[in-house]
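In what follows, structures are represented as structure tokens.
Both complexes below contain chain A, partnered by chain B and then by chain C.
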Partner chain A sequence: MFTKRAATVALLATVALAGCSSSGGSTEGSTDAADAGACAPSGGNVTLQFTSWIPGIEDVVKLWNDKNPDIQVKVQTGPSGNAGTYQNLFNQLKAGNAPDLGQIEYDALPNFRVQDGLEDLAACKDVVAAKDKFVDWTWGQVTLGTDSSVYGVPQDSGPMALFYRSDLFKKNDIPVPTTWAEYKEAAKKIRALGGYITNFSQSDINQFAGFVWQAGGQWFANDGSDWTVDMTTGASKEVADYWQDLIAEDLVSTYPAWTDEWNNAYNSSKVWTWNSAVWGANSIASGAPDTSGKWSVALAPQWNAGDKAAGNWGGSSIAVLKGSKHLYESAKFALWLNTSDEALTALNKAANIYPATKAGLDLPVLKEGVEFYGGQPIYDVFAQASGEVNPDFVWGPTMTQTYADVSDGFKSAASGKGTLLEALTSGQQSTIDTMKAQSIPVKG
Partner chain B sequence: MSVATAERTAASSTRPRATGVRESLLSRTGAMLVMGIFTVYFLIPIWWLVVASTKSSGEFLSSNPLWFADMDLVGNLKALFQYRDGLYLQWLGNSVLYAGVGSFLATLIAGMCGYALAKYRFPGRELLFNVVLGGVLVPATALALPLFLLFSKVHLTNTYWAVFLPSIVSPFGVYLGRVFAAASVPDELLEASRIDGAGEIRTFFTVSVRLMMPALVTVFLFQFVAIWNNFFLPLIMLRSEKLFPVTFGLYTWNSQLNQFPELRTFVLVGALVSIVPLVVTFLLLQRFWRTGLGTGSLK
Partner chain C sequence: MTATLTTPAPGRTGGRKRRTKVHHKGAIFAFVVPFGVLFAAFYLVPIGYAIVQSTLVVEREGTFGKATEVFGGLQQYALVFQNAPFWRSVGRVLLFGVVQVPVMLGLALLFALLLDSPLVKGKKFFRLAFFVPYAVPGVIAAIMWGFLFSPDLSPFTALTQNVHFLSADLVLWSIANVVTWVFVGYNMLIIYSSLLAIPTEVYEAARLDGASQARIAWSIKIPMVRPAIVLTAIFSIIGTLQLLAEPQVFRSFSSAVTSTFTPNMTVYATSSIPNFNLAAAFSVVLALATFVLSFTFLKFTQRKDAS
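Coming up: the complex of A and B.
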């Protein structure tokens, strides 16, 4: 009896697979496109499915559900994006039961776009009108470099600044670096004292991208039809050479990031600074509890003295996934979630979400001094940094693969085999190969 | 969790050696040494987990990882059980449900199939058996995505059934059941009960099941551990955290550590608590299991 059942299941499975692949074809696609053109209320009661991995998001959504009996939102959850949720969303898109809304990080949005997984929100007037509420560069992250399309509503951002041990800098009479040249000088002095100025992460390629972003570099561009990939010239080369020198001269440590070893290096005062995003404030506080009160935050070191450029590391948007029948209601919810004071305050309370709106940066909770940082109101620094992030930076459509390949190269470079620039060169080539393999039009 | 399994099997297989033929001092010392090293090797991660679970998140990073600092296991447990209204306990309950009921039904079905394949003659029997054997070779992971698309068609994704239904299928159990039924249930006994007027079903449940018990316990244990540790299927099927089994739930927390470091203690303590039911199951059933493996190997 078991075997008969197994055979039936196997048979059904093939049928289902065949059914899916044919239904993904042109017939359904065209009707979807027709529906998507309109952004009108569906009428009647609507239930939206919303996928997010933020712990405690249910409490925030409850605020909405209590006030909007006709538009109820149900939360689906899972591991963080690259740890499984993106793959799940792609599976659901394939099966035709994707949720209406999904949390998608900025660097994954182009991937969903090229796989035709997103609804264009440009049809929704309210979304287009909300543009000015958001910090300029976050809007660039959801339009994906186009003029007329909007593929999501920005949720949070990760402007970068310099976390540093103010007590150690002061005690050893080393000035806090304001340029990358000064940063290297300070690194030498700190090395002479037996410490490291910072740890170079071999796995956080998006952090490195943040450095390139700050330096005015661009890894990807899309002229409307073709992609170009350039990770090895201009600012990318300058940044890679700079960090390569620091590694070669043993001025930075190369512990694997996010491990206990890495935490311990900070906790034991062996490493003095971290170039990180606003959400990193929490990571240090929990990873290096013994150093409480001894940290401060300053604007990131600059390539040209007197500049105020900042990079960005992380941040997500809320996108409406292809096939949603409730574009209007989804957009309405996404706007509430990411622009209303009520939701932004609740998000910050639940999960330290740092808002992407201009008004959100002035939330009362983001004006307070933070004990771990000696009472410094650190979010003022990040708010300033947020205003200085280059709005034109574009992510590529295969970032998971790009990160993995560059990270392999960075690991070799950190152990003395090859250089960061070589890692970027091979990462660029494999990115182009991957895009070609997925039939994504790319030059080179 | 698999460490616990390995450690158990190692322990149970060492027993016959101690009571068996006396070997030379040298080879005994050598064997003890190898086993000692492996025992330490398997136990250190568990020891680390036990120690780490007793520490506050601050002490966890700054103190010796293999020795206690501030004993706060109770406080950590309390925090874990209270976090998000006892979400963790719900996961634990789900795991017990998936693994307990799932492996019970899997054992029943596999036992009946194996028995039928061993004791009844019907056309296509060998073909069926070979198909089942083929099923043993297909990893469950490879079936997860097709199952997801299949379940999507019938709107069963993100329900208990999505994890439960695939879990009650155990080709290996059928295989073991057949081999064991052929060896341990004598045809004469079946004929005797037929002559006494017992129907086939009654014969199976009153006579054969008892004779097959060691094999059934083995199947149950294998399946219990397999379902308990099954991670990929829930990852693909489930979206609502109220349905998560404990392994997958811990994974979702662990994947968020970068941005939500306060979850670290919960992941550690949660991992420790999650191996307890496995250990208990093994302790309760290992007696059956050991005789089962032994009997099987002698026949």
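Coming up: the complex of A and C.
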């Protein structure tokens, strides 16, 4: 009886293990089947696997499939990058069955690069030749600071601006803030009226990074041999202290972002502004449908009156994942998706995707007024912001972890335990620890 | 297999014993193979793979240097033992288990006894009603309760705006509430079926001796369903240590649920870095802890049996 029971326990305990290791089927990813330098047509019909989370991407891909019977693209959609798709891709890379193409945000490219998950597109002449088509800083993001490699084709950028409820500002005679100091003054007035100027997101650390980016800060640097991490001095500290004050004085709400509760706060006019990227235009329209026509977009508030600086939040590239046997076809599709007028127009209509190409910024669809924003041609604002984004922002090699750990700290800061700066301090330490645990050379 | 069965007894002289042995060998083999293959493929191999992964470390040169995995002994385990958030999460689920498991099993036992008592009407209805939450997938249950607890979207905002169920102080117990709601009926059913197996003569004898229903429940039923209670307790201990779905869902409702709230969430977060080697080490430690805890509980209850 005793041994039988013990065996049962042993069996049950194994459930813990089995659940965790199911991700790895086989050993290391298939080694360079499509070796670097081999960017040649495969010959015959090819089917490419493509993982993305853009709403409506299937319709855009259909445009391609209808015209290219020999290169068919199959789309697999999932949650946005940090919410699950990156983990899926990493698991697939480990198992050696990653899709050919993946949607990867700029901030995650170094992570995939460190894990050796990307094919170098420098072998594909068409990709290299396309360099000048793209907005300079987006190209910098996909080359990861090298001259000889290209790890993805830029798709879109996320210059940030201020979405605000023009009707409420006008009705209550509050001037639209142009500096962060004015923003705080407006916040006090709005709070007195029972609303909140904005919601401080504890989970969108990439938004916070966008604030730091705008303020001229820099979290990571790499000199080719070592990484450095600095999330707590200079602009980072200034931005953290600013938002900490707003939280401490109850001038901003702290709903968990991207939830129904958050949507509800915007939809019921409880929250008045959102400092977000161009693709956020779509998020408000779908999350707060009752406020249609009442929003406008202005350039982001500045740290010093008269400055012209914009942050960036998000923006993706289409990368070819390690092990793809169809480098040539993948690159061809990625270029079509991200440079052709046809695809860029469709992407914008489907999900307010804002092209990373210079020519794309002049697409007719980007000159039109947008109904949800009272007919304002909002992309004009973002075009200006796009030109004011600091081109040299560097992302670290473990951003999913950095975001998660800083977010844990931000969450407790939002509920009154600790501060944003403390969260950044511990996030910095855990980032360094995480890098060391994987032998990624880091100072500090 | 069939050959073994149809073959006439080979050695008449060999006696009955040997012949039946041969018969059993084939049958045992036939019955064990499907289980053995699946057990190996889905338990032993993954466990072995996880253990192997946990002994490897990554080496690389330069900021984007190619990674090579080399044998690193117990280095990953050293990192596990230094990882403060992980041990905090272990402490958290232990606290959770110490409170939630007795409450849940107490309720399950109470409901089972009520269903089994001759005084209650509508047994079939209640049996199903208590069990229905278990049929709701855990994730759906967590989402539903998340909305019920939400300060602004709950149908009971008068309550939820004053009692912050999703705050740092209460969220663990709100999750306990969800888990209890889901699993009470399941555990009740295990205990109840064990109650049904008690021979009625025992009750008759008790009644002849003048025992009341309460006395029968206390002195006969509960001692006789002890093995079922022990079983449900072990299931619950394992379930507690492996909490994942409910807190993961609650992350989007509550700011108080961190990415390392429970041990399994730490494993998940570590594998999304991705650091599969460290995640494997976490899993092995978690599995061992689960084993030790369940085993200790068994030893403890068995000692009581003996006395």
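Here is the rule we use: the second predicted complex is superposed on the first by the 380 of 444 C-alpha atoms of A that agree within 3 Å, B and C clash if a C-alpha of one lies under 4 Å from a C-alpha of the other, contacts with A are read in each partner's own complex, and residues count from 1 in each chain.
Basically, contacts are C-beta pairs under 8 Å (C-beta built on N, C-alpha and C of every residue); 3 or more make two chains touch, one makes a residue touch a chain.
All values derive from a computational prediction rather than experimental measurement.
Residue contacts after overlaying the shared chain place A:T233 against neither chain B nor chain C.
Set side by side, chain B and chain C differ in how many residues of chain A they touch, and the one touching more is C. Of the two partner chains placed by superposition, only chain C is touched by A:K411; chain B is not. In the superposed pair of complexes, A:S225 makes contact with chain C only, with no contact to chain B. By the touch criterion defined above, A:T47 lies against neither chain B nor chain C after alignment on the C-alpha atoms of chain A. In the overlay built on the shared chain, the residue A:S439 is in contact with chain C alone; chain B does not reach it. Once chain A of one complex is fitted onto chain A of the other, the partner contacts of A:N304 are absent, as it touches neither chain B nor chain C. When the two complexes are overlaid on their common chain A, residue A:D116 makes contact with chain C while staying clear of chain B. In the overlay built on the shared chain, the residue A:K94 is in contact with chain B and with chain C. By the touch criterion stated above, A:N264 is placed in contact with chain B and with chain C alike. In the superposition on chain A, the residues of chain A touched by chain B in one structure and by chain C in the other are 2, 5-6, 9, 12-13, 16-17, 19-20, 91, 94, 258, 260, 264. Within the complex, the chain A residues that touch chain C are 2, 5-6, 8-24, 28, 86-87, 90-91, 94, 110, 113-116, 144, 202, 222-227, 254, 256, 258-261, 264-265, 397-398, 400-401, 404-405, 407-408, 411-412, 414-415, 417, 434, 437-441.
Listed in rising order, the residues of chain A touching chain B in the complex are 1-3, 5-7, 9, 12-13, 16-17, 19-20, 51, 53, 55-56, 75-80, 83-84, 88, 91-92, 94-97, 99, 258, 260, 263-264, 267-268, 279, 282-283, 285-290, 314, 351-352. Put simply, chain C touches chain A in their complex at residues 42-43, 46-47, 49-50, 53, 57-64, 66-67, 69, 79, 147, 150-153, 167-168, 234-235, 238, 241-242, 251-256, 258-260, 264, 267, 269, 271-276, 278-280, 282-284, 286-288, 290-291, 294-295, 298, 302. Within the complex formed with chain A, the residues of chain B that make contact are 57-58, 61-62, 65, 84, 109-110, 112-113, 116, 128, 131-132, 135, 145-150, 152-153, 155, 157-158, 169, 171, 174, 235-236, 238-241, 251-253, 255-264.
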